[in-house]
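A quick write-up on the structure given underneath.
Which chain is which? They are A, B and C, in the order written, and residues in each are numbered from 1.
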Amino acid sequence: MNETSAATPGLAEETEAAAGTVQSTDATVGEIYVDDPRMTCRNVNVYYGEKQAIFDVSLDIGKNQVISMIGPSGCGKSTFLRCLNRMNDTIDVCRVTGQIKMDEQDIYDGGLDVVPLRASVGMVFQKPNPFPKSIYDNIAYGPKIHGLSDNKEHLDSIVESSLQRAGLWEEVKDRLDQPGTGLSGGQQQRLCIARAIAVSPEVILMDEPCSALDPIATAKIEELIDELRENFTIAIVTHSMQQAARVSQRTAYFHLGKLIEVGETDQIFTSPRHKLTEDYITGRFG
Amino acid sequence: MNNQQQQHKKTMDRVQKGLDRRYRQERHFQWLGLGAIILGLVFVSFLFITIISNGYTAFQQTYVKLDVFYDPEMIAPIGETDPEVLSRANYGGLIKASMRQMFPDVTNRREKKVLYGLISSGAAYEIRDAVMNNPELIGTKQEVWVVADDDFDMLIKGHIDLRLPESDRRIKDNQLAWIHDLQEQDRVEKRFNTTFFTAGDSREPELSGIKGAAYGSFFTLLICLTIAFPVGVAAAVYLEEFAPKNRWTDIIEVNINNLAAVPSIVFGLLGLAVFINFFGLPRSVPLVGGLVLALMTLPTIIIASRAALKSVPPSIREAALGVGASPMQTITHHVLPLALPGMLTGTIIGMAQALGETAPLLMIGMVAFIVDVPGSVMDPSAVLPVQIYLWADSPERAFVERTSAAIMILLAFLISMNLLAVWLRKKFERRW
Amino acid sequence: MNEMTSGHIVKAYSAELDHLNELVLDMGNLGQDQLRRAVQTLKDEDPKAAGQVIDRDRKLNDIDIQADEEIIRLIAKRQPMAKDLRDILTVQKTISDLERVGDEARKIANLTIHFYDNGKNPPSKEILHDIYDMSEFVDEMLGLSLVAFTELDLDKALEVIEMDKKLYEDFRGSLRRLSTFIMEDSRNVGSVVDIVLALRALERIGGHAKNIGGFVIFLVTGKDVRHEDIQAISAEIEANRVAE
């Protein structure tokens, strides 16, 4: 039985990986390139001190697309995501090699300032983390520090449009002066998304944005992600394969710091080409 | 299946058997904890009861009513307003005259001296001040309440044991008789002791107050706070947020913790060597005291501030960095406001500690006997705990109650500072 | 338990998938048995046995319903992905094909009753010969498709698909031959029409076997081959195999 499955067509790369040398496992299965990339990553390696967390990952992130990154815990998907806006800089021992380009600009270029980068690559985190300030101030903070608003009216309009795009306006318009921490978990997360889009980023990174939310709040966020795709490029790390299947157009599967397979979400979830991907999404290893 | 049930039953039996012991242990632990708390409360209440029972009388002072004739011959002619002349007059003589008038029977020179001793030497100054405020008093006869001597005061407050033989008493029989006479005439009265709050130190217990020491403490703490708080917070922020984590910062951290455990007198020696001997600052001044106490409280503030910074959840930092705030903006806009209540609490506790500190101040000469109330940080002064130490060392019975009273004042300050810390924490603490 | 169904962290999931696959095998065996028996009744001229065959078809329908229920439950409960999803879809389609195999077998059994129940117009042995030849071939196809399903064997699946072409040609050949019987003796028309219907039923069973072969290829490779050129598919499979 095993022989037959190993001999099955379409799994050529996988069998090569299984039978071949260590090197061959490094090759990613699937199409890492896209026609219209917003960010391009080439041979990215990440080290935490002596330990290597990401091995030679190359991946394009397509414009106005949702790309989801899945994989077991500790597979490096969050680490990779955090490379995209250099959030890993906050960790002293973290070192990144390789090339991550956004609009032909290498974001790890020594000359590049990380502040404008983070303004154009926003981030939403696992746990909703609104500032302990009013709802208004939460949204207005980013535009304020970047000097995006000319006057109070302009700032008000930015706050309103951000909240509207995050689908939160109707729920909070009467209590903008109340603390953001008083909202429900799902509302807080949408507040964080509104905060991220208030500075008009091009890319939004989401690190397991729904893992702390109930299914209804999760559905709302997923709907929101789908709407945001029109204007933003979104990269989302998620533990829920169903979520990845629902919200993304492309899916990348990480395993032990390597990018195993990447491809159209439809293909990944119906007929993945790599055995590890298949085993993971069908719930076959721990 | 049956076997499994038996196994289950056996397990439950064992669990039941051990259950009693487990609950007993829990109860014993609870009793132990409760006992410890009760013991602590007993000691604290004992302390408070002793201090309050010893000290509450210090807030009252015995006054004696005298009929003073402002004799123009002894002061100055009627109509004289020159303060120069007025201040030099013999006001003590007025009081003595008034006493003589009251007790015409006393003729013996020695007895007279004892009689005059019933009235505090400060009474003359009161009369003088009254005259200088209102020179029109000269030539009139007024009823004046003057401060009684400390022994008289002690007798009225019941601190002198009359069963002792006369030779062992500070109040002799003839004095008792005079006092009795005065009381008969309703000339003795206990009033609220304002002197205690308005005067500096004095050799005479009835004239001494804590204002000088309180001002000294205030100036010292002011210096201490203005130096220790910004420096401590800056150091904490740097160490927590900017400094690389390596061996050097580890060593610094260990040494800060060590510094917090250094005996305070060592800081006094340091202050003596550096500020007084090297920089040539004057002794006994709040400036030096404040500097020394700042050194002492610095580790406390740094440790508390670092703990407060650490307790700010990393998600807030990430959120701020995520929208593109620079590290400095992240800290000043988000981390510091959240850490501030904790920092303030640490600072106030450090300040309270500094307020009660004696040993380092002894080393820099703040133990001197200083009568004047300090007006600036460069005036020699005492501080509250040193004042307590000085009074506790004095032989007069009246100083015993003043010591306790001063302790009560100090404790009141400490408690209110701690309450302030709690209040600040409650008010500014934010949930996230 | 096979490679397709086993290995889940949740063992009950594996067991459920496994049970589904067992249902397919049960149904396959039953369908094959129905086919054989139906043809046998024709040989034996035994309308009573044919009645039994018709009764037994209900069992196939029951399994069909049971499988559908299990599939709905499984999808709701486990949200199958990738090959699990393909497995379940394959099982569902295979089952419905097998259910139709049963229907076709029932048609043949009906023919037995039609021919021999009142003994009024039994056909000549010669005309029936085509049915026996074709039933053996179809039986082989069905068997092969079931083996391909259990063993996930692409070669056998391709072989079944290949065999279907031969079956069709045989069917055309039989039609030509039967038409000569009509020309010989026009009284044969009634029997020949009935027999053509039986042949048609057998040809349909072969078609269902071919479908199952296609599902197996979908199950293993994730490619839907039903409407694609078999030559291209097998070439691609061969190329992939060479690449190894």
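Just so we're on the same page, a residue touches a chain if its C-beta (ideal position, glycine included) is under 8 Å from a C-beta of that chain, and two chains touch if they have at least 3 such contacts.
Going by UniProt, the chains are A = Phosphate ABC transporter ATP-binding protein PstB; B = Phosphate transport system permease protein PstA; C = Phosphate-specific transport system accessory protein PhoU.
In this text, all values refer to a predicted model and were calculated from it rather than measured experimentally.
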Shared chain contacts [chain A and chain B, defined touch]
none
Just by CA atoms, which chain is the most central one?
A
Per Cα centroids, the chain farthest from chain B
C
Approximate Å spacing (C-alpha centroids) for the pair chain A, chain B:
60
If you average the CA atoms of chain A and of chain C, how far apart do the two points sit, in angstrom?
48
If you average the CA atoms of chain B and of chain C, how far apart do the two points sit, in angstrom?
101
Which positions in chain B touch two or more other chains at once?
none
Indicate the residues of chain C shared as contacts by at least two other chains.
none
The answer for chain C against chain A in the complex is residues 2-3, 7-10, 13, 79-86, 151-154, 220-223, 236-237, 239-241, 243-244
Listed in rising order, chain A residues that touch chain B in their complex are 85, 87, 90, 92, 115-119, 122-125, 127, 129-132, 141-142, 145-146, 179, 181, 192, 195-196, 198-199
Interface with chain A, chain B side, in the complex: residues 244-245, 313, 315-326, 329, 333-334, 338, 430-432
Using the touch rule from the top, collect the residues of chain A that touch chain C in their complex.
1-2, 4-5, 7-12, 15-16, 241-242, 245, 268-272, 277-279, 281-286
